[in-house]
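Sharing a structure here in structure tokens format.
Read from first to last, the chains carry the letters A, B, C and D; within each, the first residue is number 1.
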Amino acid sequence: MPREDIAQFTIRSVQVLAEDGTVDEDLAPSLSDDELLDCYEAMKRARRLDERAISLQRRGELGTYAPAIGQEAAQVGSAFAMDEDDWIVPSFREQSALMVRETPPQQILEYAMGMEEGAEIPVDEHALPPAIPVGTQPLHAAGVGWGEAIQESPNVALTYFGDGATSEGDVYEALNFAGVYDAQTVFLCQNNRYAISTRLEDQTAAETLAQKAIAAGIDGVRVDGNDVLGVYRVVSEAIERARDGDPTLVEALTYRRSMHTTSDDPSVYREAAEEDEWEARDPIVRFQVYLENRGLLDEETKATIDERVESEIADAIDRVNAARDELDPADMFRHVYAEQPPELERQAAAFERKGDRDG
Amino acid sequence: MPREDIAQFTIRSVQVLAEDGTVDEDLAPSLSDDELLDCYEAMKRARRLDERAISLQRRGELGTYAPAIGQEAAQVGSAFAMDEDDWIVPSFREQSALMVRETPPQQILEYAMGMEEGAEIPVDEHALPPAIPVGTQPLHAAGVGWGEAIQESPNVALTYFGDGATSEGDVYEALNFAGVYDAQTVFLCQNNRYAISTRLEDQTAAETLAQKAIAAGIDGVRVDGNDVLGVYRVVSEAIERARDGDPTLVEALTYRRSMHTTSDDPSVYREAAEEDEWEARDPIVRFQVYLENRGLLDEETKATIDERVESEIADAIDRVNAARDELDPADMFRHVYAEQPPELERQAAAFERKGDRDG
Amino acid sequence: MADRLRMVEAVRETLRAELERDDSVVVYGEDVGRAGGVFRATEGLLDAYPDRVFDSPVAEAGIVGVGVGLAATGLRPVAEIQFQSFLYQGFHQLAQHVARIRSRTRGTVTCPMTIRTPYGGGIHALELHSESFEAGFAHVPGLTVVVPASPAETAGLLTASVRSPDPVVFLEPTRLYRSFREEVPADHELPLGEARIVDSGEDLTVVAWGSMLRETLEATAELDADIEVIDPRTISPLDTETIVESVRKTGRCVVVHEAPRTSGMAGEIIARITEDAFYYLETPVERITGYDVPVPLFAREDAYLPDADRIEAGIRRVLDRN
Amino acid sequence: MADRLRMVEAVRETLRAELERDDSVVVYGEDVGRAGGVFRATEGLLDAYPDRVFDSPVAEAGIVGVGVGLAATGLRPVAEIQFQSFLYQGFHQLAQHVARIRSRTRGTVTCPMTIRTPYGGGIHALELHSESFEAGFAHVPGLTVVVPASPAETAGLLTASVRSPDPVVFLEPTRLYRSFREEVPADHELPLGEARIVDSGEDLTVVAWGSMLRETLEATAELDADIEVIDPRTISPLDTETIVESVRKTGRCVVVHEAPRTSGMAGEIIARITEDAFYYLETPVERITGYDVPVPLFAREDAYLPDADRIEAGIRRVLDRN
């Protein structure tokens, strides 16, 4: 042998809907007009919820909130690619995807108001709650995808995480477990170029994040994350492969246009010029041009959608405010164990009596 | 773009000394005759220490011991490639490499007899003690290599770990940190095909372990780990690159010919036929044939080396037995903090008084 | 079952029975499959249940983390961590997810996972193969922490753990794995959260678990006093009542553990006794524990571990004080 | 310095001073560089010391683990973990290596590393941003665990931590980061391992640290009793003597912490008081603590955290008992 090339790998990137709103017809997914409009509406809803949430937070009515403005194509496109029984395993920025999966905006706001109610999973809904620790949930998704494989179910798990998360050992372990166990899992990395203030070049020397799949011996692919049709297509393909036990890491290249969370000020670490550049590449604008060009979206339809979204969110805000007022703090004792152990019972009683005897 | 290949990677494998003892002259490292013989002697010494250690353990004179029989080329070849001030960051199976770095066999036996004395690092010796938890020490090596870079020193760190270790998130984090910080580190993975009983295909879906480097954006290369000249060459090159801040993951493909540790019985999980196959590929035999063919090794030289090795080890055993008899158990209190805190002082005093008052 | 088994065999037969009883049980961990575990605690299970027993990659965060997902799909994960110290590699998954997914989701997602792991010292193993961190695990709300002390107890408590709707950290004292045999009834399930009164007595209470229970019994056998020995079995949630009642009766207490002294479980037990039995105490509670040093390598390990002598001396001191 | 600083500013100015004083100090962690830290605790340091301040990848095991290597080369790593709960991701590196490399090598390799991390609740942060696990860290021999309670204390203790030959886990109560200003002397170094008597008194001893100290002082201000308030400052190794002497004098004691009750540091402190001051106690020591539940999301967080009212009520109970 002396010197021999023994393995070769290629990372491919996909774009279906170009920045100018034109589409590659060969690659365009076959979505009906209604589906395309649903997709558009979901992106608008997500954007609007984020905007409202930011202003509620500014008025002190909400806690820390992580908007996904600019990432709607990556989230909505991928969530649309899932079947109803597929699992969503989100991080803390996935409101756009969660709403496609029919998490009501009320729950998202509840969570942002610091209420566990916002992380309740309805019976039969295949979802896990948002994971706050970066990079932990891909392992859960590997477990779900493995569990479904063990049970010979067709369901797959789709998990979301960021560019920063790829530095966590857990994410690598998740990819590796998925590879070993033929887990029915799709790993969607939204590379929005920042982990809070940290730029990609301080995160890894890897030129793409998709190539992290190679370490685990699974497929890796990049897609333009601001191209909702491209994301839909690539994730759909990945989901189909996952149903057969072949996991994929999809890197969706996008940009977080607003702050990391409402506690963050991006002007500290990035230039306005960069933000402007990405404003021009906004995923909603691009998709809108495409829909307009196809004659699917006129001013009236747009207005109807905007109004519907606006009133849904307004309703949600009313409902969550009401829910907050009825919050029972003693609830914190109720779900620690299936059955309350005596010591915890004692503590709960002490809490109710207040001051009689401490916890 | 629609679909575009954006990144390409190749994993190369190197062999200098073929199984039949012939050498690729283009790739052969320029080692003097004395160096070649030193290398041979180091391999013999390592083999013999392992054999003696196993039989001492069988007689109850040693604790759990992890022999590296079959892996001498990987360890000795790489350790020979280091400069005196380079750092060795070993796991628990690196006695062959450690002895090249002049850890006396006595210390190795002390460690195997459960004495902390075996993990003492002499002043100015650039080494860390053996890491028992799998996959933890590559991070230390990344830190050493980064620290040397910060201080603009030419020293590099060479760390050893196994195929199983590559599944640990820590190893991936180490590669990634090294890539980001241009750490002066070489990561040497001895792929001996087993992590205790676990075969490579249950460890990862990756076809090579060298490709795990791609995830971190650093170089990855495979070498025949039973070819001491190949290992020397590949690791030398990696070390030179590391001096310039380019870390490398080297996968040395080898085979653990004996048990995982003296607590392990490999016949439970692998076939004798497989072991026989690898006996034929033994790294010492191959190197011996080469040296004989080059006229460097005759029966007399072999006998001299064997005798020297034998008596060194016998001496070491005598010394360690003496050291064991003088062991002060109260020593366990002395090195927990630089200065003993009062509570620990009290516990140490209680220990000495025995029974007067407990810790 | 109903055989005379060693502890490690009780583990194995319990897992076998639970795999048989419940299709949703899956067993996985490093080397648990083809090799049957480094202590042979899972020997034969892969052959018997090839679709539900798995060798895992060497990745403890992974082993713990995938359990959350397996459980979400309706499976009942029973994972082995090869030695307790290596559960530290997955401590974040344990504390951030396994322990709290129930409370995070108001009971709508749960993680009925059992994590078995060899625990404690006394077998002259390698570095970091002899630790006991039960106090740290007990400080994480939502976890159940169990330490069995005999083969039958192991079967009973492990059965309950596998069946528990909550996550259990099941710490198996390696030193007891093969140390003695005991009759183990079939389909034996013991309640979690209930201490066992191993010996009844009036003069003094000793609280001890795992291999320290055996040392304690050796010590009390030497003593000419009427000693009550309590094995909490479940370290968390702790059965305060049994301990407190005993101390109210005896007025004297010694708590034993092999974990380092500072911030160990003895502190918690002493606090509970202080809260609920202070006025019954005739003399301060003593604790006999490991020292505040890393467990030394095995040549010095015996000096670290509390043994029957130290326990006996401690009991004598507490008995002699008035 | 010698300015009136907030706690977060005291952190920053201390780090600046240590970077200036000692070329071997390196500061790194997630977002500590260009952004100056999510709490701005490292603002301006990258500009001032561009070769010794680094943004890290999001990888806490890595952040802790590389510290062992940095230290081996003679550097003095000062790492930030963005929130205390995320130190769990690196707990194995902390317990298996950082804490014990000195004892493993009989003092020939050491790890003088400081790990700073925001700690505790009360700022209405996200899930897992409000935990306090000091008891778990204190259970690991070899670590020094510090919790400061004011800007000047922060400067003094952080200076000592950075200069310490041993690894320090430095837990910064986020709730106090910006809550008040205090005169901070220049080059202020306070001893580690020594408690501070914050208020002297004869009637009762309260032991409290971090933001619970402030709640305690609010509570004692309401009380018409002569209360001694002790801030241990160093949680481990704990200054037993100061606490025990105080309790011997007052005969009554309340221990306060916001961590969950079970297996928290109050247990350890009560055990030490039991050992060394039992016969001086007029009434059992009480503890006022967080409940044994995961810290809830912030809408319920105030119900979880001990506050001045609960502490005051607890002190009253202990004072009123006889």
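Throughout what follows, a contact is a pair of C-beta atoms (placed from the backbone, for glycine too) under 8 Å apart; a residue touches a chain by one contact, two chains touch by 3 or more.
Since the model is a prediction, treat every value here as computed from it, not as a measurement.
Participant: Spelling it out: a chain qualifies if it touches subunit B and also touches subunit D; which chains qualify?
Facilitator: Output, common partners of subunit B and subunit D: A, C.
Participant: Need the most distant chain from subunit C, centre defined as the mean of C-alpha atoms.
Facilitator: Between subunit C and every other chain, the largest centroid distance is to A.
Participant: Between subunit A and subunit D, what is the gap in Å from one C-alpha centre to the other?
Facilitator: 35
Participant: Centroid from C-alpha atoms only, then distance subunit A to subunit C, rounded to Å. What do you get?
Facilitator: 39
Participant: With chain centres defined as C-alpha means, what is the inter-centre distance between subunit A and subunit B in Å?
Facilitator: About 43 Å separates the centre of subunit A from that of subunit B.
Participant: Which positions in subunit A touch two or more other chains at once?
Facilitator: Answer for subunit A, listing residues that touch two or more other chains: 116, 132-133, 167-170, 173, 176, 180, 202-204, 331-332, 336, 343-344.
Participant: Which subunit D residues sit where two or more other chains touch them?
Facilitator: As it turns out, subunit D has residues touching two or more other chains at 56-57, 59, 61-62, 85-86, 89, 92, 96, 103-104, 127-128, 141-142, 237-238, 262, 286-287, 291-294, 296.
Participant: Name the graph shape formed by the protein chains and their touching pairs; answer line, ring, star, complete or other.
Facilitator: complete
Participant: Would you tell me which residues of subunit D are touching subunit B in their complex?
Facilitator: Residues of subunit D touching subunit B: 26, 51-52, 54, 56-57, 59, 61-62, 65-75, 77, 92-93, 96-97, 101-110, 141-142, 144, 164-166, 193, 237-241.
Participant: With touch defined as at the start, can you tell me which subunit A residues reach subunit B in the complex?
Facilitator: 1-16, 24, 26-27, 167-170, 172-173, 176, 179-180, 202-208, 210-218, 222, 224
Participant: How about subunit C: which of its residues touch subunit D in the complex?
Facilitator: Per the stated touch rule, the residues are 85-86, 88-89, 91-92, 95-96, 99-100, 103-104, 127-128, 133, 135-136, 138-142, 236-238, 259-260, 262-271, 274-275, 278-279, 281, 283-287, 291-294, 296.
Participant: Taking the complex as given, what residues does subunit D use to touch subunit A?
Facilitator: Touch residues, subunit D against subunit A: 30-31, 33-36, 38, 55-62, 85-86, 89, 124-129, 261-262, 286-294, 296-304, 306, 309-310, 313-314, 317.
Participant: Would you pull the subunit A residues touching subunit C in the complex into a rising list?
Facilitator: Checking each residue of subunit A against subunit C gives 87, 89, 116-117, 119-123, 128-129, 131-133, 136, 139-148, 150-151, 153, 157, 169-170, 173-174, 176-177, 180-181, 331-332, 334-338, 341-344.
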